[in-house]
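Both complexes below contain chain A, partnered by chain B and then by chain C.
== the complex of A and B ==
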């Protein structure tokens, strides 16, 4: 204890002591509450992230592991299969995201002002593919798309839309789109829930005022509703983009990247390089690149969020 | 007059929208209808063209074929892994979500920022280095390999922080004055308030753990450690002529039905969780 402190009134001294004790308690208890999460987070998330960057600097050939610096990245920059997979992933995302936005907004607009039971019904219908096992989804679609036994070819033939059976997953013209169609069904559930919630929050007075001013439905939508639900749209864009970028199970189980790498995606390539070929270095390098791309997308979102959502 | 034409135009748009909505609904329900009816079809019926829209001679053969110890083991694995993950995530995330929302301590802001940054990255990009790490730890092909990594994922913390904001400061203050210990404060005051949040998190975690196909695929290698989706995937990858569609559909139903039931039973929790989890901040 220092001199001046001991001269203080005993009340004030006590008060200070209590405050310090309280602060200490806040600090220790706060950290203790966080500790279990932190242990798991550091061990199973943070450490593997750093390890991924580290591994990407090595070359794995069976038992031989050699440090190669940035060679894996240089190789990837000219690797035709990687570039093709990157292009496919981007194409899938570029097509799926706008469809998901339009689809989920359409559904949400048509159900948000209906009764709670109707809302629940439709939310359920469109969410069930997202919560079902992706394996269940792929086996039934593999059957639907099957060139001989599939119901899709049967339906299209009996309505004379096609004359010959189409090998939906085996042909270069259709495989990617056949995959995208399934991807969309598994992606709209969450956006619909979010849009229904966002539309429910749009102030009735704004809409009433616009109606009184003689605005038609389309104008009300573009001028009032669309800007008001912009934050939700941005969130949906980012989440759907990130999910589409990671597309894996549909590819692995339905096309194995074929035909001729026509549906190979980054995650599928990461998997085959690491698990099938044991090339952990180049596989980790792809993981790092994927992380950077997704990080950049998230960053753009945060930027949008901080500037564009004031009203 | 003008009013009438306007009204009529809207109703045409309305009818059209309803028609599209119903069309989309059929498109979404059909695969599940096909799984359900297919599971009662024998192979020769399943691959017949024109297809049987409804199984005229329903059979239980496919379910009988699934009723073997190995499938039971896969089912148990899926249930066990998802349940353990859910318990661990809910406990750790509710503790730390509360701490981050209500306590001011050294490093809290930094830790939260790291969590948010980590959350922005997809889990899949760390799975290959994680696989190496799991192998080094000797945990390959074990329950731990499928449970522990999922507990570190910070989404739950984020969600529980959102829910913990609702705990009034005055309540915590008065508990402190009454001499309530930290843990006691948490269990008697915080827990009842964040219960709906924990419910939402539990459903989320259970479903995402059950459906974490990529992790299950790379962290297991023996037949006995397979999960139900993994076993189903293996069944579907056989040679063309060995694929039994009826059996696959029965498996598909079994692999997804628990999730669909969980979702239908707790839809409201779920919806609330989705909405809360999406609000960044």
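== the complex of A and C ==
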């Protein structure tokens, strides 16, 4: 009686072992598929992230590196230039992101049901700045904004909207908004394409049913279209926010953070501290703070926009 | 499906292993190329580089800003290549890899390269950056190859750190202002320039009168452009401020910043009112390059930053007639900022490379043919004591005569790079009215003095 039982026991054991081996094989092949991406992720994202946190605890003076703990963070808390740059970055994001969402939605709604040729034309027009070199774009905008020979001053003076030339990038009143205007033009391309695709996927039956029920255009938009394109909006908001927080090239090439830190942003300051001054510790601390802020805002956005999102 | 997955996984693994092995095999082979081959073991003690041959040369990297632009035979960048070719012909066992860098992004490229340990072996630059590198231990001293007694004392002092020479000073040149002589002639205002006076000295009032006259004659032309963006060329505006009423950026022993004294504040006040009148253009968001381009294209009548090095290519191009003029100065004695330029050698942990680099440096400065030619391609004057009168051009002869007014050289002060980040924001703040000249200068000096301590 004991023999068959023990045979059964060993059979189950063998079975479990075989299952485990099979699972291990499957897991191994899955992990192998993940490996190339994982290598890139670890090398170019995870390791630099950890290294950045590590570096932020040191003071760099050439080859003399001293451990200073959280001193860099303490300094940043009272650094007026850093706080001004943080405020500028937040303002740029706070203004640019809503404009990008509203403008790209407006364009998309107006072109998504047009003929393929018209759609392609407008998508192309708005996407060109997104794929153009930032350097070329800034060269063009630098001439548009040039205080003496810029086309913007010329047009405004010709139409008698201004009497004398405005130093668009040199004045406290205009510099930040001039940068935001460029940022918006370079940021709307992708959202327009995404919104056109999202709007094309909204079922016409829902819209027709709503019309039959007497819903006006605004009700159709707010009650049917907006909830259905919410996943796209979430993506656009998160990506545009991250891009706006990381604004660097436009600042570096057009204003170098001026006038008097009026357009200085955290990313620009990270660059200045690390590359120009060789202060890698405090620069890394700024990077860590920026990452934390972006992470926190993205989490809030996910929480806020993803209530109706179903994947 | 499982079979397929398995096959793909195995293939992927094999591919990665092959890639890994391939990169693994790189190391020994590259080591083999840099190590001295056995066949060339017949080395002599006298020449440590004799183990390198034409087939197996030692390679050094040379990065250069557009410094050698004043040679009439070669276009920008080509002179560097010609110099390298001549050096390689004379030293066939040394190969020089050349990379051109620009004044705009070159400093950042250099700093990045230093941090990632991919920096060049030789760079032709000025003490501002070079002494900073020396203080951080990135360079090899050049005392063993230079007889310092043959060089100008001011140039040696500017090129030394802790008593050792880290930049081989080849050229010196004063920074001054430039005026478009032809343009002023057309406007009938040439007589307002102090060209016929001794040392071309002039006062702030005379300068203002000229700027006002230009502005009234043609409001579309900027009388001058006080640029205030980026950091390139910021020595021009600093010298401009310090000269107007006889202030200076630092004290004489270069231990503290002093530009916020009474005369410094007076100078900034004058600048503010001149800017508000439109006499100094709209340069808050323009850098030195844009300002000089405006001058060269006739859109600005003068430039606040000009030098023999900038003048020489303009002289060769002959598109307009620039003249060099010192900054207006109410004390009667100008104090000029000046350029010291020459090559430095990086300590890349390879003694042979340092030796080869020093030979290249020696060739570009002391070779019978290429030494003088290289110096003249920069438009600078010789840093060798007694070597004067290299140029026939009247403007360059005048500029050379101004070397007696060289001020205290402060570009080697600790924290110089950090100080520079605060200079233009201060100028911008004053011009825009965010702060009074005194507030701006006081805040700048506080920051700059703190940067001296912070750098230690």
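In this text, the second predicted complex is superposed on the first by the 278 of 311 C-alpha atoms of A that agree within 3 Å, B and C clash if a C-alpha of one lies under 4 Å from a C-alpha of the other, contacts with A are read in each partner's own complex, and residues count from 1 in each chain.
As a convention for this text, a residue touches a chain if its C-beta (ideal position, glycine included) is under 8 Å from a C-beta of that chain, and two chains touch if they have at least 3 such contacts.
Note that the structure is predicted; figures quoted are calculated from it, not measured.
Contact with neither chain B nor chain C is seen for A:174 once the two complexes are overlaid on the shared chain.
When the shared chain is aligned, chain B and chain C each come close enough to touch A:33. Looking at the shared chain after the overlay, A:259 reaches chain C, while chain B stays out of its contact range. When the two structures are aligned on the shared chain, A:129 is found in touch with chain B, with no touch to chain C. Once the two complexes are overlaid on the shared chain, A:278 sits against chain C while remaining clear of chain B. When the shared chain is aligned, chain C comes close enough to touch A:62, but chain B does not.
When the two structures are aligned on the shared chain, A:90 is found in touch with neither chain B nor chain C. In the superposed pair of complexes, A:144 makes contact with chain B only, with no contact to chain C. The wider contact with chain A, measured as residues touched, comes from B rather than the other of chain B and chain C. Overlaid on A, the two complexes show chain B and chain C touching the same residues of chain A, namely 25-26, 29, 32-33, 36, 148-149, 271, 275, 280.
Partner chain A is touched in their complex by these residues of chain C: 2, 5-6, 8-9, 12-13, 16, 107-108, 111-112, 115, 135-138, 220, 222, 228-231, 281-287, 299, 417-418, 421, 424-426, 428-429, 431-432, 434, 455-456. Listing the residues of chain A that touch chain B in their complex gives 25-27, 29-34, 36-38, 40-49, 51-52, 54-55, 103, 106-107, 110-111, 120, 122-129, 131-144, 148-149, 151, 154, 158, 185, 190, 193-194, 197, 217, 232, 235, 239, 242-243, 245-246, 248-249, 252-253, 267, 270-271, 274-275, 280, 283-284, 287-288, 290-291, 294-295, 298, 302, 305. Remark: chain A residues 25-26, 28-29, 32-33, 35-36, 61-64, 145, 147-149, 165, 167-172, 175, 254-262, 271-272, 275-280 touch chain C in the complex. The touching residues of chain B, when paired with chain A in their complex, are 10, 13, 17-18, 20-21, 24-25, 27-29, 31-32, 34-35, 38, 46-47, 49-51, 91-93, 95-96, 98-100, 103-108, 111, 114-115, 118, 120-122, 124-133, 148-149, 151-154, 157, 182, 186, 207, 210-211, 213-214, 217-218, 228-230, 232-233, 236-237, 245, 248-249, 251-253, 255-256, 259-260, 262-264, 267, 271, 274-275, 278, 280.
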